[in-house]
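What follows is subunit A paired twice: with subunit B in the first complex and subunit C in the second.
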Partner chain A sequence: MSLVQVMFYVLAAVVVGSAFFVASTKNLVRSIFMFFITLLGLAGLYVLCLADFVAVTQIVIYVGGVLVLILFAFMLSGKENLELLQKQDNKFISLGKLPALLLAGLFFIVMVNVLGKADVDNLQWVQMTKNFMPFPKANDSTVENIGVNLMTFYLLPFESISILLMMALIGAAHLARKERGTI
Partner chain B sequence: MISLNDFLMVSIALFCIGLYMIITKRNAIQILIGIELMLNAAILNLVAFGKYDKILNGGDVFALFAIVLAAATTAVALAIILNVYKKYRTIDPDKINSLKD
Partner chain C sequence: MVGFNNLINSITSKFIKFAAKANGLNFYTTYFLIAIGLFVFVAVFTLFGVYAERKLSAFIQDRLGPTEVGKYGMFQTLADIMKLIQKELIIPAAADKVLFLMAPLIIFVAVYLGFAALPWAPELVPAKINIGLYYILAIISIETLGILMAGWGSNNKYSILGAMRSAAQIISYEIPAGFALISVVMIAQTMDLQLISAQQGILSPEKTKFLGFLDVSNTGGILSWNIFRAPHLIIAFVIYFIASLAESNRAPFDIPEAESELVAGFHTEFTGLQFALVFLAEYAMMFLVSMVGVILFLGAWNTPLPNIGSVALATWTTGTAWGIFWIVLKTFGLIAVQMWIRWTLPRLRVDQLMNLCWKVLTPLAFLCMLISGIWRLWLM
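Let's turn to the complex of A and B:
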């Protein structure tokens, strides 16, 4: 096995294992911090896909922004939250959770079947890229190419997403403001 | 070399774990984490296919867009969760069963 394969399997194990822990633990704070590990492992997987810029963005936005936001919401919503968590039954597999487990497991089986039938490694365009295009080396930087493409070919999606982001942030600030008199 | 199949396998596993979390958890924040897991599975798919499109960078660019969208979703969802908590004193989605008036 090459080093890349070893790294891939270690990172995949970290990602899936920590995601399992997030889903199974009863402690909300612990699950948030394990989610942090999942996101970092995913950033590693992105690097293995030769997408270094996406990996850095993942770390900056998810780990730096989203996770801190979730922690804030957790701390602002008080300790009834925690009591509620203690009350719910804590076993990973119990009778009440059986339908959900069944659904998730069956969905997993269906998707694996679809993946086996789709045979993505032999898709025409993937094969064409593998055989005829100059494949980027591991130490090439993709940032310059992404920047040029973002400002030329993907200009319309870029502008619309910036407007949407502004709308979402204004909406969030509007929702989170304190109303006078009502509370 | 790692094949595309392996990446998609990891992404399927993440998606199913997220689905399980959304159905079983009784806390809005944990449900939000489940949604984030599913979004990350989708982004991993985009990036894995984007490995074979290094000229137009379609996969990478739309993975970036998806990350930004996820951040916007989280901000709005957390603001809503805080408001719901202020009104109901709980964030258990099972107990939130009436509109404003």
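Let's turn to the complex of A and C:
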């Protein structure tokens, strides 16, 4: 096995293992910190795919932004609420969990079906990438490419996302604002 | 001086050749050696940084500072660290043990990883990454997570208050700092720190203009530094410097560890080696943010002396050894200013802190970014 393969399997094991811990543990705060390991492992996988910009963006947005926000919510909500959440009954299978189990099972069947029928090796875009010479090298900069594509092929999605973010910002500012006369 | 330069250059090139010749395991050994070397540097810097800070604060407050251990008290911090290593590791009974033990490690490693992308001299950089600046920004943001972990894991109300204040402050000040950095990137057109450094001196691959009109490609020196290539970057530099003080939790932005109200903030419960790690992280962070400031605004490893006719000061003082000398000198200068500010200015209140960030620094940073775009299009 080459070094790249070894690294891929190590990183994949880290991602899957930590994700499993996140989903299964009862200690919610620890599961959030474990989620950080998952995100870091994913960033490592992106680097392995030569998508360094995506990897770093992943860390900036998810670790620096989303995770910290979730933690804030936890720390503001207090210990009593958390303990209440952690005191669920321990049985894995119970009548209350039937819909969730059913949904998860069906979704699993769909996923397996998709994986079986996809024929990943002969997909059009995979073939296109395979035949695309010159291959990107480890030292190539991907930033220019992303920038040019965002401003040409993907301009409309880019602009609509920025409008969406603008709406969220205005909404947040409106919610946080003081009512007139109640200072 | 030129002879000395050549000597250093030949030594480094021999070292690189040796590293290249030794394939396989030895190749990776070099990486380990570099990582260990950086760690040793950070540790030694912290020891003498603490000493320098104590002496400087003593000077500012008209005291003597440490005088007993060694000549002028030089070995005071060495004695301190010996004491810290011997101390007992106390874990509070109510603490979340895993998080409590992990937190100082994460705080330190986040800062230490940032050092990987910092260039020290022409051709001398631990990891040459295309998006070095963005990487450093991302890695530093992990520190917030470590601080929150410390606050939650300690299970102490002072710790958690300190952690929340610290995280709120770091997240807010990342915005003006980020936009100040973007205005540099727009001028430089790259996020590779080594390229940004090279652009600010005589080794520049493109034409360098002083204030946008005077061609100084072959003159170099202080005239080709980023803050003089585009003078609005002076404002961006001040914004970045203020924000970097807040990001390393130093006075006047030290409400996360305000002694008079929060004991010691998020590191209230840490003892012994763990406390030492948190301290190491703080000083490493000071060095890191100062060095990033130097690289982006103050000419990185380039000399401040320009070529004047036949007196080619810039050409003589550019090279590997000179590069390390200049960048360390400039960084130490910025750190000295950080310490000076800490012992002179009073602490900001929370509302003043947020006002400064959102109503002053952020709009100014946006303005800098706008000017950068216009400058790049019309004047460069």
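By our rule, the second predicted complex is superposed on the first by the 143 of 183 C-alpha atoms of A that agree within 3 Å, B and C clash if a C-alpha of one lies under 4 Å from a C-alpha of the other, contacts with A are read in each partner's own complex, and residues count from 1 in each chain.
Everything below uses one rule, namely that a residue touches a chain if its C-beta (ideal position, glycine included) is under 8 Å from a C-beta of that chain, and two chains touch if they have at least 3 such contacts.
These figures come from a predicted structure and were not determined experimentally.
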| item | value |
| --- | --- |
| Which superposed partner A:Ala73 touches (first subunit B, second subunit C, both, neither) | first |
| Touching partner for A:Val29 - first (subunit B), second (subunit C), both, neither | second |
| Subunit B versus subunit C as contact partner of A:Gly64, first or second or both or neither | second |
| Partner chain(s) touched by A:Phe53 [first = subunit B, second = subunit C, both, neither] | both |
| Partner chain in contact with A:Val126 - subunit B first, subunit C second, else both or neither | first |
| Where subunit A meets both subunit C and subunit B, residue numbers | 53, 57, 65, 72, 74, 142 |
| Subunit B residues touching subunit A - in the complex, by the definition given at the top | 1-10, 12-21, 23-24, 26-27, 29-30, 32-34, 36-37, 40, 43-44, 47-48, 50-57, 59-65, 67-76, 78-83, 85-86, 89-92 |
| Residues of subunit A defined as touching subunit C within the complex | 29-30, 33, 36, 52-53, 56-57, 59-60, 63-65, 67-68, 71-72, 74-75, 139-143 |
| Subunit C to subunit A touching residues, read off their complex | 96, 98-99, 102, 128-131, 134-135, 137-139, 141-142, 144-145, 148-149, 151-152, 160, 163-164, 167, 171, 174, 190-192 |
| In the complex with subunit B, residue positions of subunit A that touch it | 2, 4-5, 8, 12, 15-16, 19-20, 22-23, 28, 31-32, 35, 38-39, 42, 45-46, 48-51, 53-54, 57-58, 61-62, 65-66, 69-70, 72-74, 76-78, 80-81, 84-85, 88, 97, 99-101, 103-105, 107-108, 111-112, 115, 120-121, 125-126, 129-130, 133, 135-136, 142, 145-146, 149-150, 153-154, 157-158, 161, 164-165, 168-169, 171-173, 175-176, 183 |
